[in-house]
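Heads up, there are several structures right after this.
The same chain A turns up in both complexes below, where it pairs with chain B and then with chain C.
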Partner chain A sequence: MEIHPRPLLSVEGLTVEIAGANVVDGISFSVAPGKVMALVGESGCGKSLTCYAMLGLLPPAARRSGGHIRLDDRDLTALSQRDMRKTRGKDISIIFQEPSASLDPLTTVGAQIAAAYRTHHNVPRAEAHARARRMLADVGIPDPDRRFHQYPFELSGGMCQRIMISIALICSPRVLVADEPTTALDVTIQAQILDLMKKLVAERGTSIVIITHDMGVVADIADDVAVMYAGRIAEIAPVQTLFEKPQHPYTALLLASIPKLSDAPKADLATIEGRVPTPNEFGAGCRFADRCPLATEKCRAEQPPLFDRGGGHRSACWHIDRMAEIREVAA
Partner chain B sequence: MLNYTVQRLIQALVAIFGVLTIVFVIMHLSGDPTLLLVPQDASAEMIAELRHQLGFDRPIWVQYIDYLHGLTQLDFGMSVVQRVPALDIVASRLPYTIQLAAGALMVAIGIGIPSGIIMATMRGSAIERILAAIVVTGQSVPTFLSAILLIFIFGVTLRWLPTSGASELRAMIMPSIALGALSMSTFARMSRIAIIDELGKDYVRAGLARGLSLGQTVFRHVLRNASIPVITIAALEIGNLLAGAVIIETVFAWPGIGQLAIQSIQSRDFLVVQVIVLLISFVYVLTSVLADLVYVVVDPRIRLVR
Partner chain C sequence: MIDNLQIVLELKDVAVHFGGRAGLLGSSGAVVKAVNGVDLEIRKAETVALVGESGCGKSTLSNTIVGLQAPVSGSVKIGGDEVVGADRRKLNDIRRKVQMIFQDPALSLNPRSTIGATIAEPLIVRGIARGKALKDRVAELLTQVGLRPEHADRYPHQFSGGQRQRVVIARALALEPDLLICDEPVSALDVSVRAQILNLLVALQQRMGVAYLFVSHDLSVVRHICDRVVVMYLGRFVEMADRDTFFANPKHPYTRALMSAVPEADPIAQRSKQRFILQGELPSPANIPSGCAFHTRCPLATEICSKVRPELTPRPDGASVACHHV
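So, the complex of A and B:
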């Protein structure tokens, strides 16, 4: 059996509340040094809020009402605002979905990277600029000396995401959170950005938490996957295990909905019937029950815990003995 | 960028030409100007004589060409009351109005913009509510009323400040406040909206995510981005201040062009009025050109793209 190294980042029972409803409800997962954890789920499942909660950047309407975030031995949720600011961008960084909008339109990209370094290091401007230039080269931007003096509107979306990655990594953080980093980009650029992220993980040993709804991205980059549904983790497993042997009906249906080349041309795309319940529709039972082909009275009455399926694989379902039925439904 | 500048200057020239033409047309639409100049009991011959003397009996387009030609020579005609060039009369009063407008602009920007910043960044706080009340007051109390209230409180009751005239520097305090109050509210509201708008943008969240405080993010990134709409307002407000000076200067007996405008209207000295109207129009055009050029400095997207 694989020996799990001590986690670098662990999220323990994280709960986020908006207007009295737990939109993130007791999420736990951990990431080992240099590993990539993917959080997967539909829009509104709470994956982005989980990320923002990790950086202490929840929007004003949302509030962390429980749980802890540990980075090494430090509990980030116990830090003062001031200490959390010193941690953000230095020990834990984030890149966003819309790279162009995440840069100040009126400042050159080089100056923005250098400023990110100087936020956490008291060094002369010239030194920060030199580091920023090296960083531009590291993230694969051709002609960094020219790009340094350009403004965000002069760069493509893919270039802007490389700039965001430079800003996020210039202080050599331990953890990089990536909130749908490739969603707004062209498919070819997506692959380049993912390759870049993999390279940086390998070189620097940075751990990544990546949020996506794209199973292709997951397969490409992740070591472990947590599938989220309506604010809870439905299933969490090493990536290969999850793809080969999903142990939750939602995961199985999600995987079945990915179009395959072997599908008949113009065949209807597989979908999951129904919709995600809104927070005030959450009942006592499993939140997927209304859409689940395996659901029984027990599912509606009682929330299944995350059962350990062995090998780091856990899933929240009462009926995995009937998973074969899902494969029939999906086929 | 050169293109952009040239384009803006051409637009300004067209606007100025339009203003000159409109002023000319209005002057002649309001009837035969000769009738304004003669005593009520003048005979028909006297009127015809004067009309011929002043050239008002020529075809309108000849008068128009003549008017434009005169303007190119900086000849705005003679004041019919004082018999000196209208331009000289306005020029002698202009420094007072510039002084007053500068004071009002200091009040407007110096109080308005910081208030806008505070209202945008400290939403829901007590200080925001206090400032909001001041802004609404400045915006809704008519200038002539606030001017009279100021005179009553600080001039008559407390006797801290002179009630009228321009004999000493502190005499400009009250007129500056009265004139700047409306602009101050406009600056406060516009900068508040611009900043709130910017605060919702992704780059602000990204700034916080790299470890900046909200204050640092505002001062390093937000203010510059929010300044673009505020510059537009500033250009308009400078023109508005000159127009507002007409009322304020009358209330405070301030010897600027606003007071002159009222006096000239009353004495039917229409060429002086014409100079003042043209001057205020030029200021509007000039400040909007200046604003366009300031955008170029602030926003690289204008500088580099066009």
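So, the complex of A and C:
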């Protein structure tokens, strides 16, 4: 068995509460140095809140009501606002879905990258600018000296995302959190950005936590995957294991609902009936029970723990001995 | 000729340009050639996918087909009737036969109208039904798209994204169109809901014989739902083929680049596939490169590509490709 190095980042029992409901409910995962962890799930599953909590950036309505986030030996949740500000951008950074909405329209992109560096390093402006120029070249922006002096509106969406990545990485953080970084981009540009992220992981040993709903992106970049449903982790596994042998009905149905090469054209795709419960509909049992073809009384009454399935694979289901039935439903 | 009756849409050498006239301050704007001479036929009950990146002219072409945008040249025929130059009344008549659905259903529905009123509106506007008949027709449409008749009294915010897209589809079908233009109809939806809407579109086509022009960048969805695929780059079609030929043997270097760029939901296949990553970005449609518009990003480009524009020419397996080097 592969020996996993000590995790760099670990999320332990994270719980986030909005108006009394646990919209993120005790989730745990860890990321080793230089590895990519993907958080996947449908809208409202809590994947974005999980990431914001990791950076201490929860919106005012949300509150972390439990759990810890450790980066190496430091507990980020124990830091003061001031210390968190020193950590954010330096040790852990984030990029968002819509790069043009995250950049300052009135400042040149070069100055924005340099500002990120000078926030954490007491260096002369010229040195920060030189670093920003090198960073632009590193993220594959052609003609960095000219681009340095341009404003976000002069750059395309793909270029702006490269600028965001430059800002996030200028201080060489050890963890990069990427919240749907390619969703707003065209596929050819998406491929470029994913390749850039892979290159950065390989060259700098940065760990990445990527949020996405696109199983294709997961298949491309992730080492490990956590599938989230209604604020909980339904299943967590190394990427290949997850795609080959999903051990949760939700994952299996989700994968079956994606059209595949082997499907007959226009054949019925597997669907998941019903909808994700809202936080005030959360019951005592498994939150997927109402939509699950395997659900029994036990599922509705009692929340399944994340059972260890071996090889780093865990899933929260009482009935994986009946997974064959899911494959029938999906076929 | 029976064959002609089966054709619901016929585009001949359609071109749509923007700008070019003197601007407000006397500056002369560049001409943006959004669509630059395209030909296309769609038959009854057929699904044609239109694939390309943002800025390639997909949306301009869709707008031109429904008569929202006038072409500078060419002909657009819907069910044999010419859209270009048609007067208001005629255009109104033609528009009944073609409807559109969009990417984000939340933005396509009036939040202050019940969905019953929304679906009834086209029927009222055209004086097709009223009173009890109208109510029955709305109920029927709701049932057809997998909703319940009693949903008619609810408002859009009471529905999920997938259900809202069903409402949009019901409204589009109210006038029994021959052609439905679907502009990225599932890309704003969650994966599990996406499958429901795709199943619905397939079922409706089999039942009603409606044709789809399916604008999408998701090739796995395209492969699933479409009979033919057209690839557009900077205002022109660069490849056109039936589905099996297209996916078995993509020919144009741009098509191959698109296919290698779309990540497959299979880690082994995805990581072992031959990558064909494009450098750079789509040039501005205001400044289209000479010769083959793709030559600035093409790994196969040679001298001729920057000088002579390749025509869309038929190949032995039935595909049409515009490339000097295929």
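Keep this in mind: the second predicted complex is superposed on the first by the 326 of 331 C-alpha atoms of A that agree within 3 Å, B and C clash if a C-alpha of one lies under 4 Å from a C-alpha of the other, contacts with A are read in each partner's own complex, and residues count from 1 in each chain.
Heads up, the rule we're going with is that contacts are C-beta pairs under 8 Å (C-beta built on N, C-alpha and C of every residue); 3 or more make two chains touch, one makes a residue touch a chain.
Predicted model only: the values in this text are computed from it and were never measured.
Chemist: Going by the contact rule stated at the top, is it chain B or chain C that touches a larger number of residues on chain A?
Modeler: C
Chemist: With the two complexes superposed on chain A, say which partner A:80 touches: chain B (first), chain C (second), both, or neither.
Modeler: neither
Chemist: Figure out whether A:215 sits in contact with chain B (first) or chain C (second), or with both, or with neither.
Modeler: It touches chain C, and chain B stays clear.
Chemist: Touching A:107, do we find chain B (first), chain C (second), both, or neither?
Modeler: first
Chemist: Using the superposition on chain A described above, determine whether A:262 touches chain B (first), chain C (second), both, or neither.
Modeler: It touches nothing on chain B or chain C.
Chemist: Check the residue A:57 against both partner chains and state whether it touches chain B (first), chain C (second), both, or neither.
Modeler: The first partner, chain B, only.
Chemist: Touch test for A:90: chain B only (first), chain C only (second), both, or neither?
Modeler: The first partner, chain B, only.
Chemist: According to the stated criteria, A:280 is in contact with first (chain B), second (chain C), both, or neither; which is it?
Modeler: neither
Chemist: Between chain B (first) and chain C (second), which does A:243 come into contact with in this model arrangement: first, second, both, or neither?
Modeler: So A:243 only meets chain C here.
Chemist: Under the definition above, what is the set of chain A residues touching chain B in their complex?
Modeler: Contacts found on chain A: 55, 57, 85-90, 93-94, 96, 98, 101-107, 115-116, 119-120, 151, 153-154, 164, 167-168.
Chemist: Considering the complex alone, what residue numbers of chain B touch chain A?
Modeler: 201-203, 205-213, 220-221, 224-225, 298-301, 304-305
Chemist: Inside the complex, what are the residues of chain C that reach chain A?
Modeler: Touching chain A from chain C are residues 53-54, 160-162, 190-196, 198-199, 202, 217, 220-221, 223-225, 243, 257-258, 260-271, 275, 277-278, 280-282.
Chemist: In the complex formed with chain C, which residues of chain A make contact?
Modeler: 42-43, 142, 156, 158-159, 186-192, 194-195, 213-220, 239-240, 243, 253-255, 257-261, 263, 265-266, 268-272, 275
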